[in-house]
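Order of writing sets the labels: A, B and C. Residues in every chain begin at 1.
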Amino acid sequence: MRRSTCFMLTALLGSSTLFAVAQNNLTLTHWWHVYGADGQKDAVYRYDAEYAKANNLKIEVSWIPGDYTSKLRAALAAGTAPDIFEYPAGTLEDFADGQLANLDDLFTPALKRDFSPTALQQMTRNGRIQAVKMHSDVAVVFYRKSLLKAAGLQPPKTFAELLAASKKLTQGNRKGLFVGNNGVGPLDQIMPWSAGVTFMQGNKITYNTPRTVKALQSLRELKNSGSLLVGAPADWYEINPFLQGQVAMQLCGAWAIGRAREALGDDFGIVPWPALDAQGKPATWDGGFVMMVNAKSKNLAAAKAYIKKVWLDSTAVPVDWNTKYEFHVPPRKSVATAANFDPSGPEAAAANVLNRYARQNPAAFAGSVADAYYNMVGKAVNGTGDIAALVKAAAAQSQQELARP
Amino acid sequence: MRAWPVKRKPIPPGRVALYAALILLAFLFLFPFFLTVRNGLMADRDIIGDQFILFPLPPHWEYLPQTLFDSRDVNILLGLRNSAVVAALQTFFGVLFASMAGYALARVPFRGKSLVLGFILATMLVPGIVLFIPKFVLVAKLGWVNTLQGIVVPEMFSAFNAFMFRQYYLDFPRDMEEAGRVDGLSWTGVYRQLALPNSKGILTALGVLTFISSWNSFLWPLTVGQNEKLWTVQVAVSAYNNTNASYHEIFMSSVIAVVPLVVVFLLFQRWIIEGVKFTGSKG
Amino acid sequence: MRSLNLPTSRSQRAPRPDRSATWAFWGLVGPLVMGLIVFTIVPLVWGFALSFQNARGTIEFDVSRWVGLDNFRRTLADPAFRESLITGALYAALVVPLTLVFGLALALLVNSVRRGQAFFRTALFMPTAVSFVVGALIWKIGLFNGLSFGIANTVLGLFGWDPIVWTLTSPWVWVVLVSLRLWLTLGFNMLIFLAGLKEVPAQLYEAARIDGASSWQSFWGITFPLLRNTSIFLLFVNVIGALQAFDEFYNVLGSGVSSLSSSLAGRPPIWYIYDTGFATADYGRGSASAFLLAGIILLATLLQVRLFGLGQRQND
């Protein structure tokens, strides 16, 4: 008992020496969220291990399941964040001033031009570069060529065509289309975009328009058509329902191209999510992940050196990361060139969709401002209430949240 | 039990209905276990197939070693080990501290005793969620994120168990205690040499219940044990959801997470029942 | 503990306090009290302090960020918070009575048979070994997925029904959530009722039988009143448990708010707190919501104490 009391006392006094890891000269900590493709985890550990070995330091990788962004933000607030971490692109607004290290000095004008304009925008906060984009992800509609052909259909070019195709392709246990288990998935943004809606401009919330109402109305119509797969054990970001023949078309990330090819050979194609009507345009997002450095890192220089060496100076790791495990659109021209895609294949098509139709909301459309909107979409699509009233109320709440200090 | 006059009677229909109801209920309660094992041993295309298959023949036994040793970058064996370590430490220290406190509150004469008891009971009223964020913050301040003690220590002080031990020691025979005092034992000596050895029953009972809840806890180990070296088996199972895991892997990993506790259940059944009974009558 | 036949002698004069007793007292109580102070009281005070300041992205206590009651006001004004309370109340209103009624029914059933009693007791108690994480996976993927291969839909198919999208349509989503909780917690409730039943003296039933009472009458006349304390204990445990439910919602419905709003009034309260506090890193608002919920739980508990007059213990 005495020994246990002793343990408690040391433990309570916060002495972590009891369990502390023996340190050699320098250890960088590096966080990743859990990626799902075969070999991806090994790749991550390999990149860091090779760099560590070559530069005589240690990198401790954490491979984090569950709610990654919440954990990272809690760790930043608590001062236990790692030196280097990744984060979903386009959400730099989540961070407070002084949390992210400035990386401007790693960039030459030529290097900046190498990144796509959207990527560069996603890397910049308050005029400073604070992130490095690792890869771009794009949402596209996968379709089974053979099934469309058998039904005498062309790949859909408008929402009306998509709806008709979805209905026609619904047969027995197979549904026409899968966009996510709630009937919404990533369409909460993409659908209004395809109607030409802009969510906010300057300091004004601008989504309270008849176009948003029509977009959500159409989603409700799609949901009620009975041709949409809902309640699948996997969600839209997994291609399984499409591969297993539960649907003929699925909205999914282009990251699934590799698995689709493996399972279906040539019997699939991709198109962008189509325009709502003649007034709209096809739409998708430019997603993906960025790598950042903790401004409060004790090893700031070493962390920045890692970013520069591994993710900027050479194209070896970026090419490997973007092409070898699951497909991502490289956000850099030099990486895309080095990756050397078949111009007639789905990879090139996905890159084309990204470059032509990707939209993005302003950085301030985040947190509670955006939540007011997202909270409403599920109700609008799956409920029976008046969509115009719902949109109006949500927009008022967004505007109010935006006005908060 | 009374001795009834031996007479062959037809089984009354009420009995039959009773047993029928019980058998149906037992089936319903055990069916999810069967389903988990079945899906764990079945190829995905059969799980999702249109034709319902009651049990795969032959079963895919190879899925068990695959999930245990070589699966989706999730090291479930390590998860089992971590869970065992965490649950064992929490059970040992948790029950020890609770019984020490329980004994003192029941027996050791001290003027402010009821105040201390009131304090301990009051902490039971604090809903866990109020503490979730600040507790994480505190653990972070102590530098315990991603450490074993960060997962174990904050969760091992159970006011509830202490209260249970107090209720138990209130009924502890005073004569034995007084004999010990006369023999020159101090109060801690009485606790250690007389009270503790004579409370194996309740120690086991509350220990097993603590072990179960510790093994099954999820949100705290998920939040604090971020590095995969510290994942408990529950975190490991949930991690399959983040990957392109197949259904049989998800179910097989569930089987792996549940089997150790089922074994604990069957081994310690008597004590669990004692513990639950005690909880109910004293709580 | 009744099964231990030790002579009790509480009436004897208690020993007097002295200095060595004081040392011993603190030595024995110390680890637990210290742990509770560090890991309950300190976080409680810290969280309370944070709830009065703008704590977006920070957890340091900082007087210059003081915002008074603003966090509480915003939470109360947020429709999502009110919706979460509705969900919580609805869930508790479904789960608590069902758990108590079925728990008692199972206990009575098991108690009424001799042969095989141990088997049935074990079988019904076994699900307690399963965690909410694993239970949610079995329910979501195995039993209640929305496709035709889900067991529930397979059964419906036998009767010629179309598959139901369980987790997305009201009221079916409640079937999923409530049945999962019942499966996981009924065994525990049953066992406690069983313990209560075993304490009812057999002579009482015997006397009632001689007086010509039917078994129904002796249940309401003898069993039910004597189970009062057991029932009150379970009522408390289940109300608090239901209002604090998180794991089953989170693991069955998956993350993503929009998937919920269609089939439920909203996220359950704990999920709301998790989202506002943890996920959006607004620790001030998260703490304020948590304290509001704690206040509501406390009120509910006090109300029960009022209604059922706790404090009259029969076993003492």
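Rule of thumb we're sticking to: a residue touches a chain if its C-beta (ideal position, glycine included) is under 8 Å from a C-beta of that chain, and two chains touch if they have at least 3 such contacts.
Values in this document were obtained by computation on a predicted structure and should not be read as measured data.
If each chain is drawn as a node and touching chains are joined, the picture has every node linked to every other.
Chain pair with the most C-beta contact pairs: B-C.
Averaging Cα coordinates per chain places subunit A and subunit B 38 Å apart. Each chain gets a centre from the mean of its Cα atoms; for subunit B and subunit C, those two points are 16 Å apart.
In subunit B, the positions touching at least two other chains are 48, 50, 100, 133, 137, 140, 153, 238, 247. Those residues of subunit A in touch with two or more other chains are numbered 4, 8, 12, 74, 77-78, 173, 233, 246.
Along subunit C, residues 31, 35, 38, 59, 141, 147-148, 278, 283 each make contact with two or more other chains. Residues of subunit A touching subunit B in their complex: 1, 4, 8, 11-12, 14, 16, 18-19, 31, 33-37, 40-42, 60, 62-66, 71, 74-75, 77-80, 173, 233, 238, 240, 244, 246, 259. By the touch criterion stated above, subunit B contacts subunit C in their complex at residues 18-19, 21-22, 25-26, 29-30, 32-33, 35-36, 39, 47-50, 52, 97-98, 100-101, 103-105, 108-111, 113, 116, 119-120, 123, 125-135, 137-138, 140, 153-154, 156-157, 159, 162, 168, 170-175, 181, 186-188, 191, 201-202, 212, 215-219, 234, 237-238, 241, 247, 250-251, 254, 257-258, 261-262, 264-266, 269, 272-274, 276-283. Within the complex, the subunit C residues that touch subunit A are 30-31, 34-35, 38, 54, 56-59, 79-80, 140-141, 145-148, 163, 165-168, 254-263, 278-283.
Interface of subunit A with subunit C (complex): residues 4-5, 8, 12, 67, 69-70, 73-74, 76-78, 94-96, 99, 173, 181-184, 188, 229-233, 235, 246, 367-368, 371, 374-379, 381-383, 397, 405.
Within the complex, the subunit C residues that touch subunit B are 1-4, 6-10, 12, 14-18, 20-22, 24-25, 27-29, 31-33, 35-36, 38-44, 46-47, 50, 59, 106, 109-110, 112-113, 116, 119-135, 137-139, 141-143, 147-149, 151, 154, 183, 186-188, 191-196, 198-199, 230, 233-234, 237, 240, 244, 246-247, 251, 270, 273-274, 277-278, 283, 286-287, 290-291, 293-294, 297-298, 301, 315.
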